[in-house]
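Structures follow.
In what follows, chain A forms one complex with chain B and a second complex with chain C.
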Partner chain A sequence: MSKLYTFLKYFFIVFWAVFVVAPFLWALTTSFKDFQSVNGGVTYIPWVDFEPNLEGWKVLIKSPARGGVDIVEPYFNSLFVTCTASFISIVLGTLSAYALSRYTFKAGLVKNNDITFFFISQRIMPPIVLSIPFFLFLSSINLLDSLVGLILVYIVLLMPIAVWIMVDFFNKVPREIDETALIDGCNPYQAFLKVVLPNSISGLIVAGMFCIIFGWIDFFFAFILTFTEVQLLPVKIVALNSSVTPWWSLSASALVSVAPLIIVAFIVERYLSKGNLSGAIK
Partner chain B sequence: MNFKHKYFFLFPGLFVLIGILIFPIIFVVRLSLSGWNSYNPGLDFIGLDNYIRLFTDDPRFWESFFRLSFLSVTTVVLQYVIGFALAHMVWKDIKFKRFFRVLFLVPMMTTPVIMTVIWRTFFHESLGPVNDILSNFGFSPKWLTDPALAKLTVIIVEVWQWTPFMFLLLLAGLLSLPKEPFLAAAIDGASPVRKFIYVTFPLMAPISIGAIIIRLIEASKIMDTVYVLTSGGPGTSTETSSFYIFIKGLREFQMGYAASMSFTYLIIMIISLTIIAKVLTKLLLKE
Partner chain C sequence: MELVANNLSYKPDDQYHLNEVSFNFQEGNLYTILGRTLSGKTTLLKTIAGLLTPDSGEIEFDGKNFLKVPVWERNVAMVYQQFINYPHLNVFENIAFPLKQRKIDQSIIYEKVMDVLKSVGLVGFEKRKIQELSGGQQQRVSLARSLVKNAKILLLDEPLVNLDYKLREQLREEFKNLFSKGLADKTILIYSTTDPRETMELNGEVIVLDEGKVLQVGPAREIFENPNSLKVAEISNDPPMNIIEAKILDNNIKFEGINLEAPQHLSKLTEDGLKIGLRSSDIELGESGHEFEVELAEIIGSETLLHLKRGDTKIIVSIEEVLNFKIHDKVKINFKIDRAYAFHNDGKLASSPFGGLNG
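Presenting the complex of A and B:
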């Protein structure tokens, strides 16, 4: 019985691992192919099935004029927008979360939980509902197709995540530590900055990771709100997916674009093992 | 604690969020009462005409809505079952525990649209590896052009992408469970199956509810995958609400009508998610 269970368990784990890895392996081999080895039937193993070449990788750094894909600028745009929006969301979200966790608010029927829910409910909003008014709104203040406009939109996407994670986190940080700081003569801001924040590093890291993930993987807003001036990475890569798709450069650029966040997987796992994450997300 | 300071903590975030959102929300409502389209771009007032058209004369919207419900419920159930199974398996000591944990998290970190572009080549009917392997057994399914199979392909891609999220939440939950109930169960000599049904699962119920609701919210926004994988096709067989609104609004520029659909859709989503949350809480927290 338990032998069978162990066997099934490993079987399932290995099966799923193969499923997870399969598209990456396929992209990796495809990125070394040329026109012939993509269109002449399915091939898998370099040197055996086809002769690998680096064309798919080389076009990534060439200028568009010489037939390159030029993902360098979109790459930095994506990094810049994601990091800026995440940073602003974390700062504002952490302040609000601290207020919601430590103080009581009451305005008529609206209480703390309702304010928290208001923040989190912004995630329910389908992007499409916001995209049309944002399109007209940003074009009326001349921020369409600009980095600032995108950052504004991303703050709406990311702040709910920051608030959601940090409220739960602050609820677990004992109140006594801020009370002690206040008795020792700090004002509330000093107590927050010098005592509470240093004790919340792991919560901040988890919230930051989630903001960066959800900022980095967004496609829809970038797709609708930018055209030519500013291009983000996902939009640029999807634009390659035209009628005559150069599979090799597509695969190479896809791999380059998903690479940075795989580091995030390691960081998340580290916090998971230490048990710090369990309180932060629930 | 001092009374005034709390507002200085809360308001920056709250006001920035409201400040960015207030115009778009009011504008959607106002726009939905206008006949803004490409011939007549302007905020005229046509009353509830758009809503009447939506409720009486647009089966395509409702079809796309039921399709969305089907797709999101199916994917979330699959993600929950697989995610729970995986989390349970790597919870206790197994070989290469940390390696598998990291590996199972990876898909979540990748950009859905970009991976979908890869999946498109993966499921390509003549040049993709899936059909190459299946053709050895005499099959060559049309993954992207057969109405039923296209849905399955969307589900496979969604499950691949988002099971890690479920896995992460559930594993974090499992790791935070108290030890005592398991000791008690071990002393009573409970079998692994009974231990799971009577100890692990009930303890995990609150986390499960949270995880399912979060995933339902996110899954209801399926859009990127459909756009790249099938563009709603073949025909309208994988068209979801968001995608239909996108076509009406930003392809055909029927802004007014698209706004009324968006608003209706938003209301339906809020109501149905609230009901689902209530029902799940009742079902799973009974004991």
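Presenting the complex of A and C:
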């Protein structure tokens, strides 16, 4: 019985691992192929099955004038927009979440929970509903096709995530900790900065990670709200797919685009698994 | 210096958490707030600390309106029943926190913290993380943090309730030592508890609180000897005082077919609906006596609590040894009736063996 269980356990783990990793391996090998190797049947092992070359990668940093696609600028645009929007969302979201968790708001029928729900409801409706208002709004303030405009839109999209995660987190931090800080001579701002925030690092990391992921992978708004001046990475990558699909550069750019998320995931995993952040408060 | 409150009321929902509470606390004294859970003890302490603002009433400290002073300027200290410390700081930093907040010189902070660590018995633990301490040690850290400030008002909100029996005894002893060591000289100590024994041991001025109302104020001994009502008698005794519905006729206390000669302090009471109160320790098992049936026998520490029944009358007897009984066993008991209390139908004290009222 237990042997069968062990077998099944490892079988599914291996199965799942293959399922998850295989596309990456496929993309990795494909990125080193040229037109002939891609169309010459199923091949996986470099130097044996096919002759690897760096053409798919080189194209990414060549300017269009020299026959390249140049994803360097969109890459840094994406990094800049995602990081800025995530940072602002976390700051605003954490402050709102703290207020929602600790103070009572009341305006007629609207209470704390309704306000929290209002934030989350921004993520419930399909993005397409928001696209036209956003488009018109940005065009009226002349921020279409600009980094600032995109950052504004992303803050609207990311802040609900931060609020949602942090409200839940702050609700689990006992109020008595804030009260003790007040009694010990902190004013409410100091209590928040010196006591509540240092004990919320794990929550901040989780919220930040979600913001970065959702900001980084967004294609829809980046596609609708930009034209020629500013391009973000997802839009650029999709644009690679023209009449002849360049599988090699498509694979290379896909790998490059997931790299930051993998790095973030690794850092966060190391940080959280130290164990002294999660469960700091009983 | 004195802390005076006038008619404090706090009613956040349909129920009063504080109902017209008034008191006058003097420095150098220990005040015990005794009440059951949800009686408003924590609300009262939080109001004094400034964490809650009462709906009506006034608090004055040292002649100044205390309600106008924000929490962080009140110079109070508070220990909660849950062990509240700052999880991101180690023991030393936790205790030093209120001093750092006052921008006191590093070397003075170090000295003061080490002093306090010594008095709570945590020397050598400075570098430990809070999560690495036991419950008792965590509570000592919060006590140390509240002592280090030399606050004018020290609030202790059921500080021992979440500790196990052994630790509770030990820490209670340490509290008494700390309080008597002159620490209390310039401090108003306010200690809330649900435990009557703790109240008696601390032996301070007692405020009995129930449903947000002050029922009785007086020294611990006075509360014990002359509870002014049935409610106070219930709250200030553990197990609660036995209440027996009885009649006094021809100098005899009659209930359930039992006739007891009324002691002098009860003999003049003849009204209907009289309730006789007798502590569980004032009833003894005997070879002969009145027969009762065992409903339940609890063994608590070195004590046995016998729940007995006769007709409609149920009583609890505490015996200072561990005895085994079976349910439905018959036992014979004797009442130390000269220690009995009498309460009027409305719950007010009619007579006590210690000379309260009619006695």
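Basically, the second predicted complex is superposed on the first by the 266 of 282 C-alpha atoms of A that agree within 3 Å, B and C clash if a C-alpha of one lies under 4 Å from a C-alpha of the other, contacts with A are read in each partner's own complex, and residues count from 1 in each chain.
The working rule: contacts are C-beta pairs under 8 Å (C-beta built on N, C-alpha and C of every residue); 3 or more make two chains touch, one makes a residue touch a chain.
Note that this is a predicted model, so its numbers are computed, not measured.
Colleague: Which term applies to chain B and chain C once both are placed on chain A by superposition, clash or fit?
Modeller: fit
Colleague: In the superposed arrangement, which partner chain does A:L28 touch: chain B (first), chain C (second), both, or neither?
Modeller: In the superposed model, A:L28 contacts neither chain B nor chain C.
Colleague: In the superposed arrangement, does A:P198 touch chain B (first), chain C (second), both or neither?
Modeller: second
Colleague: May I ask you to decide whether A:P174 touches chain B, chain C, both, or neither, giving the answer as first, second, both or neither?
Modeller: second
Colleague: Is A:I213 touching the first partner chain B, the second partner chain C, both, or neither of them?
Modeller: first
Colleague: Between chain B (first) and chain C (second), which, if any, makes contact with A:D184: first, second, both or neither?
Modeller: second
Colleague: More chain A residues touched by chain B or by chain C?
Modeller: More residues of chain A are touched by B.
Colleague: Could you look at A:C83 and tell me whether it touches chain B, chain C, both or neither (first, second, both, neither)?
Modeller: neither
Colleague: Can A:L60 be said to touch chain B (first), chain C (second), both, or neither?
Modeller: In the superposition, A:L60 contacts neither chain B nor chain C.
Colleague: Tell me the angle subtended at the Cα centre of chain A by the Cα centres of chain B and chain C, rounded to the nearest 10 °.
Modeller: 90
Colleague: Once the two structures sit on chain A together, report how near the CA atoms of chain B get to those of chain C, whole Å.
Modeller: The answer is 5 Å, the least C-alpha separation in the overlay.
Colleague: Common interface residues of chain A with chain B and chain C?
Modeller: Residues 182, 187, 280-282, which sit in both footprints.
Colleague: If you look only at chain B, which of its residues touch chain A in the complex?
Modeller: So the residues of chain B touching chain A come out as 1-2, 5-10, 12-14, 16-17, 20-21, 23-25, 27-28, 31, 82, 85-86, 89-90, 94, 98, 100-115, 117-122, 127-129, 131-132, 160, 168-169, 171-173, 175-176, 192, 206-207, 210, 217-218, 220-221, 223-224, 228, 241-242, 245-246, 249-250, 255, 258-259, 262-263, 265-266, 269-270, 273.
Colleague: Going by the contact rule at the top, pick out the chain A residues touching chain B in the complex.
Modeller: Of all residues in chain A, those touching chain B are 2, 5, 9-10, 12-13, 16-17, 19-23, 26-27, 30, 38-39, 41-42, 44, 92-93, 95-96, 98-100, 102-103, 105, 115, 119, 121-137, 152-153, 155-156, 159, 163, 182, 187-189, 192, 213, 216-217, 219-220, 224, 233-234, 237-238, 240-241, 245, 247, 250-251, 254, 257-258, 261-262, 264-266, 268-269, 272-273, 275, 277-282.
Colleague: With touch defined as at the start, can you tell me which chain A residues reach chain C in the complex?
Modeller: Interface residues on the chain A side: 174, 176-177, 179-187, 190, 195, 198-199, 276, 280-282.
Colleague: For chain C, which residues count as touching chain A in their complex?
Modeller: Spelled out, the residues of chain C in touch with chain A are 46, 49-51, 70-74, 76-78, 80, 82, 84-88, 97-98, 101-102, 129, 131, 142, 145, 149.
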